[in-house]
Amino acid sequence: MHETSHIVQVTSVRDETATVHTLEFDDSTMAAALPGQFAMVWVPGIGEIPMSVMVADGGRAAFTVRRHGEATTGLYNLGPGEMMGVRGPYGNSFDIRAGRLLLVGGGTGLVPLMRLISRAPPDADITLVMGARTRPEVFFADTARALLRPRPHCIVVCTDDGSYGRPGLATDAAADELSGGAFDAVYACGPEIMMYKVMRLAQDAGVFAQASVERIMKCGTGICGSCCMGRELVCGDGTVFEAGRLLANPDFGVRYRTKSGEVAYY
Amino acid sequence: MESSLEAQVGPLRLERPTVLASGILGISVEIFGRLHGAGAGAIVSKSISVEPRDGYPGPTVVPLGGGGWINAVGLSNPGAAAFAGMIRDNRTVPIIVSLVGSAPEEFSSMVERFEGCHIAGYEINLSCPHVDDVGLEVGDDPELVSRVVRATKSAASVPVFAKVGLGRSDYLDTVSAAIDAGADGITAINTVQALAIDIEAQRPKLSNGIGGLSGIPIGTIAQRCVAQIHSQFDIPIMGCGGVSTWEDAVALVLAGASAVQLGSALGYGSPDRVFADVNDGIARYMERKGVRSVREMVGRALA
Amino acid sequence: MESSLEAQVGPLRLERPTVLASGILGISVEIFGRLHGAGAGAIVSKSISVEPRDGYPGPTVVPLGGGGWINAVGLSNPGAAAFAGMIRDNRTVPIIVSLVGSAPEEFSSMVERFEGCHIAGYEINLSCPHVDDVGLEVGDDPELVSRVVRATKSAASVPVFAKVGLGRSDYLDTVSAAIDAGADGITAINTVQALAIDIEAQRPKLSNGIGGLSGIPIGTIAQRCVAQIHSQFDIPIMGCGGVSTWEDAVALVLAGASAVQLGSALGYGSPDRVFADVNDGIARYMERKGVRSVREMVGRALA
Amino acid sequence: MHETSHIVQVTSVRDETATVHTLEFDDSTMAAALPGQFAMVWVPGIGEIPMSVMVADGGRAAFTVRRHGEATTGLYNLGPGEMMGVRGPYGNSFDIRAGRLLLVGGGTGLVPLMRLISRAPPDADITLVMGARTRPEVFFADTARALLRPRPHCIVVCTDDGSYGRPGLATDAAADELSGGAFDAVYACGPEIMMYKVMRLAQDAGVFAQASVERIMKCGTGICGSCCMGRELVCGDGTVFEAGRLLANPDFGVRYRTKSGEVAYY
């Protein structure tokens, strides 16, 4: 039985890029979220949207939001002391393996991967591929470095336009990594086409892989059906699915449902 | 003694007496198949309108704790044409298409859209408590109810159910009008109009303000309505409202329901278990009480 | 900043915004004194009829779990003459006498009985969902409502409240009729008609069958009704239904209630703590939100 | 928050007298009731009434009912395998002291005293005064003997008509006991006038004393008000009260409320 939303106060706001903010707040329920879990976040008077739970220091929680439409802009604009409603955390979480892990993320898809890093076993050897379109859009590089410092790791930042780090798509970098070494697991979160490619690459390489999928989510709790992807309910069966299950899904990487429930194609 | 879970709701025969309520996981035929495979005797679709509707901005569905939910999704749905396309290939799942609209012609035109689809019936949503001009507005006007039901019935070749709820006027008048107009059965009840205020934000939790209360809190209200309809009319009823366990399902049947719809219960447990658990519980109860068919139990608590 | 718990419900001034709902511990003036001492701003008596009533045989009041209750006590009460005798010596407790009946003359004759008693007001029970010929039957007939309220008003020298609930007809018509007839305020809502079936005994849990649902399950229904009345009429409201914590009380005030009645909540905790806990919670909330009077909060969530 | 009633099945019925039955049933909630606590007992189709919870062997529970009006007759008539609804246990319980205890009971008022005996400390020295009008109305004598056997004890059975045991009222016997020896506590349950006298006797003797009071009880849970006795709610503040509080109550031993709430006098 799900409990109702509760209100939390933003304690601090960090600029990640010109359009991305990280909002920190104190909340033990969200601080305990597992990597991959999400919250339904209510900006009173504006809207409610799903958000991955970001890592934060010392028992706090955070969201990292990219300003986009009405609701994300409302969230982005919240300042310290302002209120938002949260409910959850909802959904399953990444199955974090030991050994050599490849993490591939793009944009705010990096959020659950940051949380994954913070919960990975201390001796896991993590390669993180971070994708962005241009240099000013790169974020979490410092956060990732700080989180990865205590362990064997490698960070590959790619920009589509080559303005920073490795030129090209994150999927190209992921392909190189996979062909270059034996990984024990691959985790992806970001644009669905990117995740689709990474799941294929991992499957071809015979490596265990999971991705966290986004859909329209109105309830977060398995009743409204807005999040359906084939036979799966992304909010409850996911958001994290294994590669095999994803690649067998007729919708994954191909189509999604709009707010009305109509089918649209990527 | 063998007891059977088969249920007969007027002309509609169901292999199992539990049915997915409208608006719950209700737009994807793949999900319908999954739930049918997991025990649902039939699936009622999300209420479909002529044109697609995006619905309201969030929050649209909020759990209240204690097994209660409040929602005002604004009848988001892909529209009749798109939805008919989606279910056109279905052959195995008994789908009941829920229809919503404000004029009789809309209903007949939608039924024509579903011509050629393999569907088990229609449910006319006369009772959505939070969308202007459709739903309760229609249910509150017995004359309009009568015309809407008649329009649907004359276009449809499958059973037509009318879904009622507690509106501004006496829902029993709506029932009566629907029956007179030829409805094959009644679904009772829809959500109950409610408002949940967040005291910190000092505003309603739903973007629409008022919404519909569903889940455990309305269970005994549903039992009441089913019992009232059962004792005042000779019409098969699909009971709906607050069923979260097999006990709740049995209670609705004993109150007069020939089958039972589950809605919010899908939010309590795994969609792969909810129907099976309720069905198994009903079967064990029947075994224990020496009841051979669901039908024998219908309305028994009112005797 | 000093915030005050004083509440003003039209002509009725209350030191504290929490009031005991009718029918709850409602016949003993000693208990009234105890609850008033423990924080209740006023006490609404059990609904009193002209003649004493034994009420129905048991079960008459049954907890449902999850903070819900169902009851059909059958308006048991000692009758107006006996009750007037019981409260004649009261000087300290603001007692609101709840009246129930089926004809206007009954109301005026009862008011005469209370002549000389020190009472704070009357509440006309137009909405008891489970006794034939009184209560909802009256509330369902706006013309009768109007005559009953007028009869009470013309006999009474203290404020008169009309208590409404969800009946067969639109309760907002009842509200409107009561206001037009001169009611000083509205109490909303009474219990919601419900039925709880015991599946082992295969009969209703209450001897009367149908009863009224109260407690936590109806909280958001009460918020909705209070908000609807508050936005459609210019009349002070005592909110009632499902208040179990100070948060629920604040929500009802934000929805439009000028004061809040507590009923089933008395079954959750000690009668010596319930009102104080809710009052303290409201006071802390007001302090935190920088609100100086209950009045400032009334209807604020609808703004 | 109170839970709703549940149905139990009578497993066995024992005749106590021509009008008194003890119905045993399996139910862990009722088996765990404290001495003085009561249940609301529903005889489907007939009525619901308050009943003290009686002792029973091995984790079972029981009620002992005297056939009287409609509801008690319905309960009395239940046979093995038949159903009744129970909810509770409700109310507080006796504060069981150590040392020398005097228990005074009459009729079905003996029920909570039997349970009290079964929960008393093993070295408590118990004097039990049992009152009945005539010999055939005496019951629980064997039950009491069996329960008291393992400990220092004394049983005084009185009949009003002298047809068995000590002739006279239980209150007379109680007075004798109190004047004859130093008791650490007195517990009474039975007709209210009897309890009133016992409470006075104990107070005069300066002995801690409690009695369990009966009133009309419709809800058992502190909301209906049918059980009020002065400022007290018998179902929630009681049923067990100390002598001082009882003797200060204007209603105790004097008046009660009928089903309508009208006042009636003993």
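Per-chain numbering from 1; labels A, B, C and D assigned in written order.
Criterion: contacts are C-beta pairs under 8 Å (C-beta built on N, C-alpha and C of every residue); 3 or more make two chains touch, one makes a residue touch a chain.
These numbers were taken from a predicted model, which means no experiment stands behind them.
Least step count on the touch graph, chain B to chain D: 2. For this pair, chain B with chain C, the centres built from the Cα atoms lie 33 Å apart. Inter-chain centre distance (chain C to chain D, centres taken as mean C-alpha positions): 36 Å.
One inter-chain figure worth recording: chain A and chain D are separated by 65 Å, centre to centre, where each centre is the mean of the chain's CA atoms.
Chain centres here are Cα means. That of chain A falls 51 Å from that of chain C.
Looking at chain A, no residue sits in touch with two or more other chains. Taken residue by residue, chain B touches two or more other chains at 64, 66-67, 196, 198, 203, whereas all remaining positions touch fewer.
Shown here, the protein chains touch in a chain-like sequence that does not close on itself. In summary, the structure contains touching chain pairs A-B, B-C, C-D. Those residues of chain B whose C-beta lies close enough to touch chain A in the complex are 23-28, 30-31, 33-34, 46, 52-55, 57-67, 69, 71, 73, 76-79, 82-83, 86, 196, 198, 200-201, 203, 205, 207, 263-264, 266-268, 270-271. Taken together, the chain A residues at the contact with chain B in this complex read 1-7, 40, 42, 44-49, 70-71, 83, 85, 87, 218-219, 221-226, 228, 230-231, 233, 236, 257-263.
Against chain B, in their complex, chain C makes its touches with residues 64, 66-68, 70, 166, 168-170, 172, 192-199, 202-204, 209-210, 213, 216-218, 220-221, 223-224, 227-228, 247, 250-251, 254-255, 285, 300-302.
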